[in-house]
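Per-chain numbering from 1; labels A, B, C and D assigned in written order.
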Amino acid sequence: MKTQFEVGIIGGGIIGQSIAYQLAKEGVSVLILESNKIGNGATSAAAGMLGANSELENNDAFFQFAKESQQHYHVLRDELSQISQINIQFVDKGMYKLAMTDAEASALKDVVKYHESVEWHSKEVVLESEPTLSATIKGALYIPEDGHVSPYHVCAAFSKSARLLGATILENTPVHEIKKTVTNEYTLSTPVTDFVCKNIVIANGVWSGHFFKKLGLDAGINPVKGECLSIKSNDIGLEKTIFYDHCYIVPKGDGRFVIGATMVEDDWSTVPTIGGIQSLIEKVTPIIPSISSAQLIDTWAGLRPQPIDGKPYIGQHPEGENIYFATGHYRNGILLAPKTGLMIRDLILNRKQNEDYVKAFSVNRLQVQTMR
Amino acid sequence: MKTQFEVGIIGGGIIGQSIAYQLAKEGVSVLILESNKIGNGATSAAAGMLGANSELENNDAFFQFAKESQQHYHVLRDELSQISQINIQFVDKGMYKLAMTDAEASALKDVVKYHESVEWHSKEVVLESEPTLSATIKGALYIPEDGHVSPYHVCAAFSKSARLLGATILENTPVHEIKKTVTNEYTLSTPVTDFVCKNIVIANGVWSGHFFKKLGLDAGINPVKGECLSIKSNDIGLEKTIFYDHCYIVPKGDGRFVIGATMVEDDWSTVPTIGGIQSLIEKVTPIIPSISSAQLIDTWAGLRPQPIDGKPYIGQHPEGENIYFATGHYRNGILLAPKTGLMIRDLILNRKQNEDYVKAFSVNRLQVQTMR
Amino acid sequence: MKTQFEVGIIGGGIIGQSIAYQLAKEGVSVLILESNKIGNGATSAAAGMLGANSELENNDAFFQFAKESQQHYHVLRDELSQISQINIQFVDKGMYKLAMTDAEASALKDVVKYHESVEWHSKEVVLESEPTLSATIKGALYIPEDGHVSPYHVCAAFSKSARLLGATILENTPVHEIKKTVTNEYTLSTPVTDFVCKNIVIANGVWSGHFFKKLGLDAGINPVKGECLSIKSNDIGLEKTIFYDHCYIVPKGDGRFVIGATMVEDDWSTVPTIGGIQSLIEKVTPIIPSISSAQLIDTWAGLRPQPIDGKPYIGQHPEGENIYFATGHYRNGILLAPKTGLMIRDLILNRKQNEDYVKAFSVNRLQVQTMR
Amino acid sequence: MKTQFEVGIIGGGIIGQSIAYQLAKEGVSVLILESNKIGNGATSAAAGMLGANSELENNDAFFQFAKESQQHYHVLRDELSQISQINIQFVDKGMYKLAMTDAEASALKDVVKYHESVEWHSKEVVLESEPTLSATIKGALYIPEDGHVSPYHVCAAFSKSARLLGATILENTPVHEIKKTVTNEYTLSTPVTDFVCKNIVIANGVWSGHFFKKLGLDAGINPVKGECLSIKSNDIGLEKTIFYDHCYIVPKGDGRFVIGATMVEDDWSTVPTIGGIQSLIEKVTPIIPSISSAQLIDTWAGLRPQPIDGKPYIGQHPEGENIYFATGHYRNGILLAPKTGLMIRDLILNRKQNEDYVKAFSVNRLQVQTMR
């Protein structure tokens, strides 16, 4: 078994796989160490919405980064299918952010003034295009760019492509310890063996907190559990993703609709509860009344890694160590995975970076701000 | 392939399998023709409650029959395990029929006067024994005899035992037509081949209506769809089945709790709907508040075969044909399967019958009553 | 419940759904009666290969029909996604029909002479493009047009599209009897109710035999059970479908490889057996040795409806009744579904037909030939 | 959240749960920290054979311990069902260890001389009792005491009982570090929080190696992957467990037969491979030929924790720390769980111990032997 690598990535979710893919494509020798199964955590719990416009509210570096990442899915769809034959189920039919009250309607109409990529659709226009929506809606913001993918398929496609390009990917392999060697490399201790890597990337989502602490950094990441359900109905002919009050209904290309997600803070369990499911049903039924006669297909839950200020940590260790962070993607891991992979690749390969992004996602941004 | 049998049974649910088992035990050559999969219909949709005392309200022949059938599960548990090695998951820890209002409490206290096998338990006694129940209950009727089994396992055990005792059991084999031969036998036409049987038994639940009509009988059977869900929680330590307002919570021996069931008339679909699940959650949460944090495991639905007067049809064709009926068991198929198997066996083998039962379950009882 | 329809289709597999879709698109009122669940039979058991060139050997009407049907998937992909949002998972990367011996190689090289759409690839070319294939191959016939779809998704997309266009689709609804009314319509008796239709289509695959007989026709259809398995492996990077000795390995867009299928005659069970699985493993391991370390995902079986001469029955009742047949598609149901839907639509709507196809698939072609 | 406990157990498999149950029963405050899901590792991969007599060959302390543990399942069956309502599926019908050659027959006949609890059964006797076995067998050793349980149910019953008796059980909670406090307690660092415990127990199977090392102990544990499959067949009426050449067929009370298990050294993946499944099929088919027509239900794999000398580590840290080990149970985790729970309980509570067991399972037994 090979035990020396250029880059060792801790965490085999969509973020780690995206990084591994981009590095393997450049011929870099990469190792992924996943303590459980590939994509088994927050990745497969996500609905796969690419909500750059719907989730983010300020026109800042974070928003630019998200838009570029969303855009890069057009490239990845073809690239990954070419290499891995896996179809990432990219659907590009836009989203309706609903207004159910007049106040919500006027707030959304305001958004149109500042965002050029969105439009206000009146109730009549919305119901013509999406007749299963309740007649009590007041209209909707139409966001053509916010599509969706299948997180499971994206992660599998990254992973298989990385593997076929030479990456080593190990499941059931927790990293117990990171130690620096005398030659300034890093030893990753695992039950399987010790691996030695020139660079390491911490990409294990809500489980990253431990490594921050061990590496002398104080960047908290808290779990926010999200519960989801999927349904099926031949009578619901929804084309666009529907978004209302933190709740979404995503029409998947296999005929299911994914409905999510609850927000449960500081709960480390990944069990979808009866109470959570009930609250989702109560939230979506007024929006699409015919959901009452749809079939429940599945329920699940995952842990979103939430940093204190809601922005991911993507960057190098502040003291110049060859340790990189790519974690804390909170509600936006699927959206941000493509660009995170590219940015970490460029950091490791010492390529030119967008300094706005480096600043926005730096690991010690909060301490730095405090000091000012 | 053998095509001549003493008895041909149409329907491979728990009723048909119980009959096949009893006949095979007597050395009779038996054939079961199941249009779908063994036990795939109402059988596996049931929760398995043996609610002789809780479900039935009059001390009549039907009640006697139900009690004997319930009792016979004690025999079957050992017999079937001996032959098939399958454990029918018989649990014999009784039931609490709850009172949530004072009016319900006094109604249940009245029951104690007439039924010797039940007791009234005060709120304090109930909560001591079942502390996860809501403190808002008013007490409960304790019914020690109403236990439960796993319908899937009972049906599988009957089926495997019958098979090992020589029965022929065919899945995916609908019976298209029944024709009488010149030798007074019956030809059952199926896609596989034509089978010739001296006696036939109609035991295909809600799908039996067709055969009644074809055989010149007017005994309607309507579907009443029941939706169920199962949950899991390490914090709910329930010993007894809980019953309230047609809703039950059954603690299964594998750690799950089965919660059921809705009653949807004239719906032939077997899809558990979002609306049905929501109504069950709303019904049980006030009874066991901690259910809110339990995990949803599964949801399903089945079609109960409901005869007009709610009683099953168990008996011979009124015109003396060697055609027998064992269908229309409505909410009580699992409870009544053992005794139905014994009764049909005795009818076919011309053994002594309890005439009260023959009358109570006769196929033309409604016409006969009308004529009087 | 609506009980009068222009067209009543018996059978809710891919064939029935394709017909319903084409008719609903023309505004015809359509009813589908499915005795079990939509697409639950041979449809979802199929691997979805569109093997017009690989499966068929003569350049006859059947082959032309198959090629046109294959071609029509390009149209359906977009049409069905537009209406139902379901992605039929059409993959269009061709097939390798392998030669493992010199004799097989020269036989395949001969094919190139007669078929313009295929090429011979030498061992080196094949291994360059598909390096996981065994180095013991002798080369392969490259068939660029033979792609694949996901049968489940095609059937779901037809079904949902038909439904959204107005079709009525009932599950759990076997048709017990077809009777002609005095107004020359047809009454379809079902447990739910009696439906009256001006035209009926028999499209229930291997279960159609009964209706042929009842309608006075002698066109046998026998089951040929096929067992399949699916596997997953990050180390197998297959792009094209691999075909050898009736066995195929289809790389699906979700990362699975579907391997099939056994041929078990006159077996009505749909259980994949240990022996069948073993035989498939023994067949594919020499072709792709690394399959040994792949993960088994699933196993299943279905019943192919085999007519005596291997060609489907697609056409009108020979005596001019408004009864149509669309069944007996044997190994090619997925391939032929699009064109079958179009042809039955045209027959019912009295549109111009290709007479070669009418003759080739006529219900009484065998009797007619015998008479000649 | 409570963060102070008498005992903290690392590992929520059957071993950790057994210990937690015994301690909770004594009123000790217990915490279980499981990095994944309860019982998700080697526990649920096991077939549940209680092979004290069949697996162990010497009449030593290990064998005595195994027999007592096996015996204790009779107690646990009732105790755990009483508290948790979960049925551990204990089946007590014995085992046949087969001879397929004359040499094997005479070896097994020899065993009878030394073991009083076993009998030699001739081919005729064996086939009379188990007629589905191949007629080519030469006879079998009958071991009446070696029954089986359902590991999933045992673990769930321990876990739920411990929980209801007051234990705290956390899933998704890896322990990153163990540190001693100034008051001689132990801090367990986890992503959730830091827990402080007076005693700690290392019970995480193959993942324990890391803690041994960190605690300055040199007791290697290697993974030996075992692949299994389960099948179903109405034609196989097996009563006893069948054992031959490291391969077993266990008749489960739900109608399945569990067949296992391969032995793959130093493989950390938990994926059941096509090659592994094939080898199991090839091994059992000659023993029970009708398995060829059985239905494959499921396949899975798990990692057995193998210590160098094959015996578990059950005992206290050699330097008198309040750190206990209960790991390395290799092929016998289910068998040894009951007695392991009792022994660790007694060690922690300073109760009298069987010194033979203390010696046999001590953590530094190998070093001690070397020194002598």
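Odds and ends about this structure:
Throughout what follows, a contact is a pair of C-beta atoms (placed from the backbone, for glycine too) under 8 Å apart; a residue touches a chain by one contact, two chains touch by 3 or more.
Computed from a predicted structure; not experimentally measured.
Greatest Cα centroid separation from chain A: this falls to B. A comparison of the B-D and C-D interfaces places the larger number of contacting C-beta pairs at B-D.
The distance from the centre of chain B to the centre of chain D, each centre being the mean of the chain's C-alpha atoms, comes to 38 Å.
A straight line joining the Cα centres of chain C and chain D is 48 Å long.
Of all residues in chain B, none touches 2 or more other chains.
Within the complex, the chain B residues that touch chain A are 231, 271-275, 277-278, 281-282, 285, 291-296, 299.
Residues 35-36, 170-174, 176, 189, 191-192, 206-207, 209-210, 214, 268-270, 303 of chain D are the ones touching chain A in the complex.
Residue ranges on chain A touching chain C, taken from their complex, read 81, 83-87, 89, 91, 93, 153, 156-157, 159-160, 163-164, 169, 234-235, 237-239, 251, 253-255.
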